[in-house]
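If you scroll down you'll find the structure; I have some questions about it.
Chain IDs A, B, C, D and E follow the sequence of writing; residue 1 opens each chain.
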Amino acid sequence: MKTVLEARQVSKIFGGLVAVNKVDLVVPEGSIASIIGPNGAGKTTLFNCISGFYTPELGDVLFNGRKIQGMLTDKVAAMGIARTYQNIRLFKSMTAVENVMVGFEPHLKHGWITAMIKTPGYVKEQKHIVNEASRLLHYVGLAGLGDNLALNLPYGAQRRLEIARALANQPKLLLLDEPTAGMNPQETDVMKDFIRQIRDDLGITIILIEHDMRVVMNISDQISVLDYGQKIAEGNPKEIQANPRVIEAYLGPGAAALSEKYRREKTHDA
Amino acid sequence: MNKQSIQKSAASGMVFGIIVIFFALIGFTVVISGLIQKALGQSLGVGQMPSTSSFLIFLGLLGIWNGWRASRQDKHETLNTKKVLGRSTIAGLVAGVLVMVYALIVGVLDNRGINLRTYLSQLSSESVRFFLFNQTIVVGILIHVFYSTLMAVVGGFLALASERSRERVKSTRESIQKWSQDHWLGKLQGNPYVSYVLMGVVLLLLVLLPRTWGAYWNYVMGTVGIYVLLGLGLNIIVGFSGQLVLGYVAFFAIGAYTFALTTSPEPHNLVWNFWIALGVAVLAAALSGILIGLPIMRLRGDYLAIVTLGFGEIIRILLRSDILKDFTMGPRGVRNIAGPTLFGRSFTTDVDFMYLIILAVLLSIFLARRWQESSIGRAWLAISQDETVAQATGVNTQKYKLLALSLGAAFAGLGGALFASRNQFTGPEDHALMVSINVLVLVIVGGMGSIPGVILGAFTLKGLPEILREVENYRLLVFGALLVVMMIIRPEGLWPARRPKLEVPVGQDNEPVHLPATVGGEK
Amino acid sequence: MMLEVENLNVHYGAIHALKGVSFHLEEGEIVALIGANGAGKSTTLNTISRLNKPTAGDIRYRGVSIVETPPQDIVTKGIVQVPEGRRIFPKMTVVENLEMGAYIFSDRQRIEADIEMVFGKFPRLRERRKQLGGTLSGGEQQMLAIARGLMARPQLLLLDEPSMGLAPIIVEQIFDIISEINQQGTSILLVEQNAQMALSIADRGYVFETGKIVLEGDAGDLLEDPMVKEAYLGGG
Amino acid sequence: NGAAPAGGEPEVCASDEFGCAKIPAGQTVKIGMGAPMTGDYASFGVDISQGAAIAVKDAGTVEGFAFELVAQDDQGAPEGGAAVANKLATDPTVVAIAGHIFSGATEAAIPVYDKVGIPMMSPSATNPPLTTLGSKVFNRVAFTDAVQGKFAADYLYSKLGFRKIAVLHDGGAYGQGLADVVRAEFTALGGEVVGYEAITPGETDYTATLSALAASAPEAVYFGGYVAEGVVLTNNMKQSGLENAVFFGCDGTFGAEFVAKTGANGEGAYAASLIPPESAAKLKFDADYLAAYGVGSGTLSPYTWSGYDSAAVLMAKVKEVAVLGSDGALYVPRGALVAAVRGTSGFTSITGDITCDAVGECNTAGPTFYIVKDGDWAQAEQ
Amino acid sequence: MEALRKKFSLTLPQNSIRIIRIIAALLLLALIIVRAMDVAAKSQFGADTWLRLSVSGLIIGGMYALIAIGYTLVYGILFMINFAHGEVMMIGTFGGYFVFEAFNAIQVSGADGNQLSFLNAYPVIAILLAFLAGMTIAALSGLFLEKFAYRPLRGAPRLVPLISAIGASIFLQNAGQLLFGPQRRQYINPVVLDRGIGWNLEVAGSTVVLTYTGIFSLILSAILMVGLYLLVQRTKLGRAMRAVAQDKKTAALMGINVDQIISRTFVISGALAGAAGVMWGIHNGLFNYYVGFLPGIKAFTAAVLGGIGNIPGAMLGGMFLGIVESVGPAVLGIDFQLKDVLAFTILILVLIFRPSGILGEALTEEKV
C-alpha cells in the first residue's frame, strides 16, 4: 500500500525539553492511524510538526514522498493536509457555512479583481462553493444549521464543524486532535462511526489523537504510542492492548475495573 | 428608607454637585445660560453676562435630572411618594451643599479682591457674581441650596409621574409596533422595491442638496465625504481584515502629495492632467501600502498599530523637514494645486466639487461592498478572527493582509488627492496623527466592519464638531465626552456590521447522503 | 445541609440557560451532575461561584444565602471551583499557579507545605514546576488546575469535567485523588461527561437536560437506570 | 444680492461689485475671526481674539448698530481655515475678517472671502507669499517674514558685529521662512552660519540639539519660531555649552511671557516686534486687557496688540462706508469696504501707523528690536 | 540525548526567511557602524558634547520609561491602550505646580530671621508634598477614568475602550485648557533645585553641567521603577495583577477581587504618570494642558518597543528611546529635526526582527 505520510526521526525541542524525540511514523493510504500516549507525551506537538506550525529541529516529514517541514501552514493545507484542534478553534463570529467556505480557500481560482467586477466565472465559483459547503454541512450532520454563528452552536456541533471545515480543504490526510474530548459516551459513539465513515466514504487517510480507548481500539488500523516524546510501541489494537509497557504508562487497569473498585470501597465504607 | 438607598441618593447628589462645580470652573455655566437666553429669543450683548433667569433654567434642568436619577434607583421596584420625596431631597441637598461650599469659597476669595483667574482662567469677578445670582454671598449660596433641593424634588416627582404613565407609554408603543407590522407600511419593509425607492430618494437628495445648501455646507459635507472615503478604506484594513493601523494618514499624505506635486506649478512644474494625477496618486498610495506591508506582515495587533503610527509620523516629519524641502516645499506646503477639469472645462465651484466627492464616495461604497461580500471578504474575516487557524485552513494570510492594506491605502490616496485638490493646498500639518485617530474613531463609532456605519461615523465625527461650533471653545470638550458616552451606550457602534445571509440550500432529510463531488481523493 | 440550591434561574441575554434548578448537597458527600453538552452544568457551578448572577432563585451555603456574595468572598467561605477547560494562568509557572490558588491565605509556610502536599498527589507537576503553565500539555494543565483548586483548602470543591482530555491512567489517578480528598473531609460537587466514573464515586447524582434536572437519585440507582444507561453510559 | 432693489436699499448697493451686507435693525455688525481656539496653539487664538474684543468694545457703534466679534475655531490648520471661512462667508451680517491667525489657515481662507468680497486684516499671518496671490481682500498689519529676516540679519551683522551665528527654527512655515531669510542674508553680508537646525515644536527639552550646535561655537543663536520654544531654548542654552552665545529671537518670541519664563537666563536676549515701546494707546489697552482677562497683554501671545489693531482698522472702515437704509437696516457695501480697507492710510493705533500698500502689506515700519534688560524688554539700539 | 543536542547545534536553521532576516540585520548593523565611524572621524563633537547628549538622553528616557510603565501596566491587564494616560500625567503636573505655587506664596521666617518663602525654607517637605499631590491627583484621575470611561466597556470588543480612551483624552485636554487657561505655566523651583544649576564637570576643556533637577529626576525614576518592579514581582498585589491580566474569570475563582485589582492598577499607573508629570515640571519648567500629549505618544512607543505588557521592557524601551533621540542624530550625523524619524525607524526595525518588542515573548511558536 502507498504511504501517505512518513515521519523520519522527527524531533522537536522546547528550550531544554525534547517534546518529540526521534519519532518515526509511517501511515499507509486509506488507513486510520491513532496516536496515543500520556498527557504531555508530544502527540499534539507531532501534529504541529506535520501541519507546518512547528519546524522540527531534526528529521524529515514526508507527504506523498515530498519533504514538507519548514513549509508555511497554508502551503501544507493546500497540499492536502487538514486538521482540527484540541481546543476547538473556529471562526467564532462567522456562520457555520462561512466557516466551511473558508476551507475551500486554497482551491479558489478567482481573485479580488474578478470579485470586484463579479465576472460570471467568479459568480459560478461562489455558487459552487456555497453548494459544496452546505453539502458538507449536511454530510457532517449539521444540515440546516448553516446560518448559525459558530459560537452559538452546541459543543458537539462545533467539533463537527471543525471537521467539515477541514474536509473543505479537500485533504488527502486528515489530522484529528481529540475529536471526542468533552463528549458523553453516546455522542462519542456517533463521532467514532462518523470518523470511520469519512475514511470509508472519502478515502481520506486519518491520523487520530484520542484518549478514549473505546474509540481508539475500535476504529484504528494502527496505533502508535508516545511517551516522553518517544515512540514506545506500535501495532494493531490487540497488540497495543496487551503491551505491558503501554498498560503501565498509559492504559492503567481500565474504566470498568476502576468503577468496580470505587463501588467496593464505598460499600466497604458504609 | 434604608441605608443603601440613602447612600445611593447622596452619591447621585454628589455627582451632580461635582458636575455643576466643574461646569462653573470651566465657564460652561455662562455659555449654556447664554445659549438658553438666545434660545428664548432674548438678545445677549457682546461681553455681557447672561441673565440670572437663564442660569436658573440651566441649574433647574440639572437639578431635575439629579432628582430623577436619584429617585429611580432600581428598575424593578415601584416608586411611591415617600421614597421619591426622601431620595430626591437628599440628592438635592447634597448637591446643593456641595455647590454652596464651592460658591462660598470662590465668593469670599473674590470679595477679598483675589484674582482667581491667575489659576482658574474662567473665574472672573463677573462670573463669580453671576454664579451667585448677582446677590450677596449669603443670599447666593442659600438660593443654591434651596433651589437645588426644590428642583431635585420636582425631578423626583416627574420620575414618579413618568413611571405611572410608563405602562401607558409601553402599551402605546406596542400597539404602534403592531399596527405598523399589520399595516401595509410594515409589510413594505423587506420589499426589495422599497429599498430601490429609498435609494432613489437618496440619490435625488445627493443631486439636489449641493445646489441648494450653500458653500459652507458643501464644504462641511465635502469634508465629511472625504472622511467617508478614508473611513471606507480604513474599514477594509481594520474592520474587514482585522489589522489595527494607526498611521493611516501616511497613505492620505502620499495621495495628497503625489497629486499636489504632479499638478502644481511649484516646485516641479509638472502640471499633469487632473485625472491622470488622480490615478497616479491612488496607485502611489496603494503601492506604498504594499511596500510598508511587506516587512511588517508578521506583526500583530498593537505592534502593527504602533509601527504604522510611527510610519505616519515619519512621513509627516520628512514632509516638513529641511532635507526634503526642495522636493516637497517643506513646512510651507504645496499651493496652487489643480482642480478638476472635464472636457477642457474646469469645474471647481463648491457644487461641482461636491458632486465629484459624491461620485467618489458612491464608487468606493460599491467597491467596498463588493469585496466585503465576496470570498475576499470572507477570507479577511477569517483572518481577523483567528489568523493562525485561517492560515492553517489554507488562507494565504500574507497575501490577503497585503491586499487589504493596499486597497485601503488606495482609498486614502483618493481621499488625499481630492482633499488637496479641493483646498488647492496641502502641507505637512494636514497629515498629522490626529487624522489617523479621527478616521479610526469614525470607523469604530460607526460600527467596525460596517459600511453604513462608516458613513454614519463620518457624519458624526466630522459633522458633530461643526454643529458644536455653537458651544465655541467647548466643542472639543463636549465632543470628547460624547465619544465616551457613545461608546458606553453603543459599544458595537452606531450601525453594527451584520454578515450578509447566504442562501444555504437545506438538504432534505430523506435525501441520501452523497458526497460532494470535489471533496476527497481525486483519484 | 452544606449547599442548597433552590429554583435557580439563569439567563445569558435571551438564552434561558437554567430553568428552575434545585438540588442539595450534604456535608461530606460527593454529588455528581451529569448531562449532555450545553445542559447547564457549568452554568450551575459558575452561578454558585457567583461568576453569573441568577435572575431568580436562592443558593444557601450552610444555611446562609450566598447569591449576593461577590466571587472572592465565596472562595474565602471555602467554596472553590476548578473550572472547565483547565484555565490555568498561561504565563505563570506551575508553582506560581499553585500560589495563586492559595491567594486567600498569606501564611507562607502553610502555602509551601500545601505545595508539597499537591506535588505529592501529582508528581508530574513537580517535574514541571518551573515551566510556564501555557506550555504544559493538556493533561498536565488539568492536573495543575485541580492542584490549584486544592491550594485554597476547599470545604466544598466544585469540579467541572476534571477528566476531560486525560489519559486513561491519569483519569484513574484523578478519580483516586477526588475520592481521597473527599475522604479527607471535602465535600465535592462533580460535573462529568464520564458518567460511569462519576456515578461510581459519587453518593448521589442529578441528571441535567436543557437547563432542568430531569432525574435524581442515589448514584448506584442512577447507574442502573435504563435512561441513564442508554444516554450517558454508552455501549462500551 | 444687490440686483433687486429691495425695500430700503441705498443706491450704492446696486452699483457695488459684491452688493451690500444688510444688517437688520436690532442685530449687530459682525467682525469675523478665524483663530486656533483649541489645540496646541489655542493661546494665540484666545489672546488675539481677546485683543480684538477690546477693540470692539472701544469701537462704539455705527449708525446706532453695535459691533460684535465672532471668533471661530480654525485650529490654525488649512482645513479648519477653509471651513471657518465658508461658515463666516455664509453669514450675511459678517462684514469683515480680523484674521486669520496662522498663515496656512489664512491661505486656505483667502479664496473663500475673495469670492464674496469680505475684506481681511490679519494680525499675524506673516508668510510672505500671502500678499502675492493677487487677492483683493487680504491685508495684514504684521510685517512679513522676509522683511523681518532681512532686518534681523543686518542687525546681527552690522549692529552687533557677529560673524558666526547658528540658525534654528521650529520646522513650521513661519519659523522656517524667517530662518531661511536670515541665513541667506547673513551669508550675503559676509557672515558665517555655522549651524542650521530645526527643532520639534512643543517639546520642553532641546539640550541635545543645542549641545550639538555648541560644538561649532556660534556667537549668537537666531531662532525663528514662537515664544514657547524660544523660552525653552534660552533656558537650555546655559546647560548646553552655549552660555556665552546670544539668543536672538523674532516677533514670535517677543512678549511678557518670554521674560517671565526665562528669568535670569533671558537677560540680553533679543526679539523683534512691530509695536513701538510705549504710547498712551498701548498703556490704555494694556490696562483694559488686564482688567478684562486677568492676564497681561502679550502674555498669551506676542500678537495681542495686532489683534486689537486689525479689528480696529476694519471697524473704522466699516464706519466710513456703511449707510443706513430707509428701512432702518444698516447696509455695508462690500466692494467699497474691500477698497476702503486696502486704501487705509495713516491710521494710527497701538502698533503705530497703519498704511496699506497696493498688495495689502499694511505695516510700513520695519521691526523694532528689543533686548531683555533687568528683567524687562527694552528697546535696543536701533 | 547528547547526540541529539550536538546534531541540533550543528544543523543550520532551516527556515530560509530567518537566514535572510539575520543577514539583513547584520548588514544594517554594519551600515550603521560604518556610518557612525565615518561621522566620528570627521566629527566636530568632543567628549563634552557626547556627555551632554547622553545625560540629556538618560533624563528624558527616565521620564519616558516612567510613563511607559503606566501604559504597559494597564495594557497588560486590560489589553487596552490607555490613550488618556498622557493627560493623567498632565493632571499630575498641575497638581505639583499648585503645591509649589502655594508654598511660594507662604512666607516664613528662615533660620537667620529673613523672610523666606516656605518653598525655600523647607524645600524637601515642599518637594515631597508636590509629588504627593501630583501623584495623588493623577492616581485619582486614573481611578475615575477607569470607573467612568472604561469599566462600563469591560467585555466590549478590543477597540471600543481605545476609542473611549481617545474621547477621554480629548475631554481631559480641553478641560485642562478651560480650567487653567491656554497659557504656559512654569514651575518655580526652590532655589536649591533651580533649573540650570548643577555639578560642573570639566570635560575636554569645557564645562558640562549635570543639572540637579536632571540627576534628581533620573534617580527618582530609577527608584520608582525598581519599586514598581518589586511590587509586581514580589507582592501579593502584583501576583494578583498578573493573574487578572491572564484570565479574569479564573482570577475571580482564586478569590481575587478583579474590579478592585483593575482599579488599583489604574491608581498605580496614574501615580507613576503623576510622578513623571511633577518631575517634568521640575526639570523642564514649562507646561500647559498639552504637556502630556507628546510624552504620551513617545512613552507608548517606548512601551511597545520594549514589548508591551512587559514592565522591564517598558523601562528599557523608555531609556532606549530617550538615548536614541538625543544621541542618535549626532552619531549618524543627521539633523536633529529627524530624531523622531530615527526613533520610529529603529522601532520599526526592532519590531521587524522581534515582532513582540525587545523583551516581549516570541509569537512564532504559538501553541495550538
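Convention: contacts are C-beta pairs under 8 Å (C-beta built on N, C-alpha and C of every residue); 3 or more make two chains touch, one makes a residue touch a chain.
Remember, it's a predicted structure, so these values are computed and weren't measured experimentally.
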item: Neighbouring chains common to chain A and chain E, by label; value: B, C
item: Between chain B and chain C, the fewest steps along chains that touch one another; value: 2
item: Selected pair, greater C-beta contact count between C-E and A-C; value: A-C
item: Identity of the chain that, by mean CA position, is farthest from chain E; value: A
item: Chain nearest the overall C-alpha centroid of the shown protein atoms; value: B
item: Where chain B and chain E are represented by their mean Cα positions, the distance between them in whole Å; value: 30
item: Mean-CA-position distance for chain D and chain C (Å); value: 75
item: Chain B and chain D: spacing of chain centres that average the CA atoms, whole Å; value: 34
item: Rounded Å distance, chain D centre to chain E centre (Cα mean); value: 38
item: Per-residue multi-chain contacts in chain B, two or more chains; value: 117, 121, 321-322, 388-389, 392, 473, 476
item: Contacts with 2+ other chains: residues of chain A; value: 14, 44, 53, 85-86, 89
item: Where chain E touches two or more other chains at once, by residue number; value: 174, 177, 181-183, 335, 337, 340, 366, 368
item: For the chain D and chain E complex, residues of the former touching the latter; value: 38-40, 42-43, 46, 171, 197-200, 202-205, 207-209, 211-212, 214-216, 228, 231-232, 235, 238-241, 257, 260-261, 265, 295, 299-300
item: Chain E-facing residues of chain B, complex; value: 22, 25-28, 117, 119-122, 238, 244, 295-296, 298-300, 302-303, 305-307, 309-311, 313-314, 317-318, 321-323, 388-389, 392, 433, 437, 440-441, 444-445, 448, 473-474, 476-477, 479-484, 486-488, 491-492
item: Touching residues on chain C, where the partner in the complex is chain A; value: 34, 36-38, 85, 124, 131, 135-140, 142-143, 161, 164-172, 175, 179, 193-197, 199-201, 203, 220, 230-236
item: Of chain A, residues touching chain C in the complex; value: 14, 17, 36-41, 44, 86-87, 154-156, 178, 181-189, 211, 213-214, 218, 249-255, 258-260, 262-263, 265-266
item: Residues of chain B that touch chain D when the two form their complex; value: 43, 45-47, 115-118, 121, 124, 214-216, 218-220, 223, 320-322, 325, 330-333, 335, 350, 423-427, 429-430, 466, 469, 472-473, 475-476
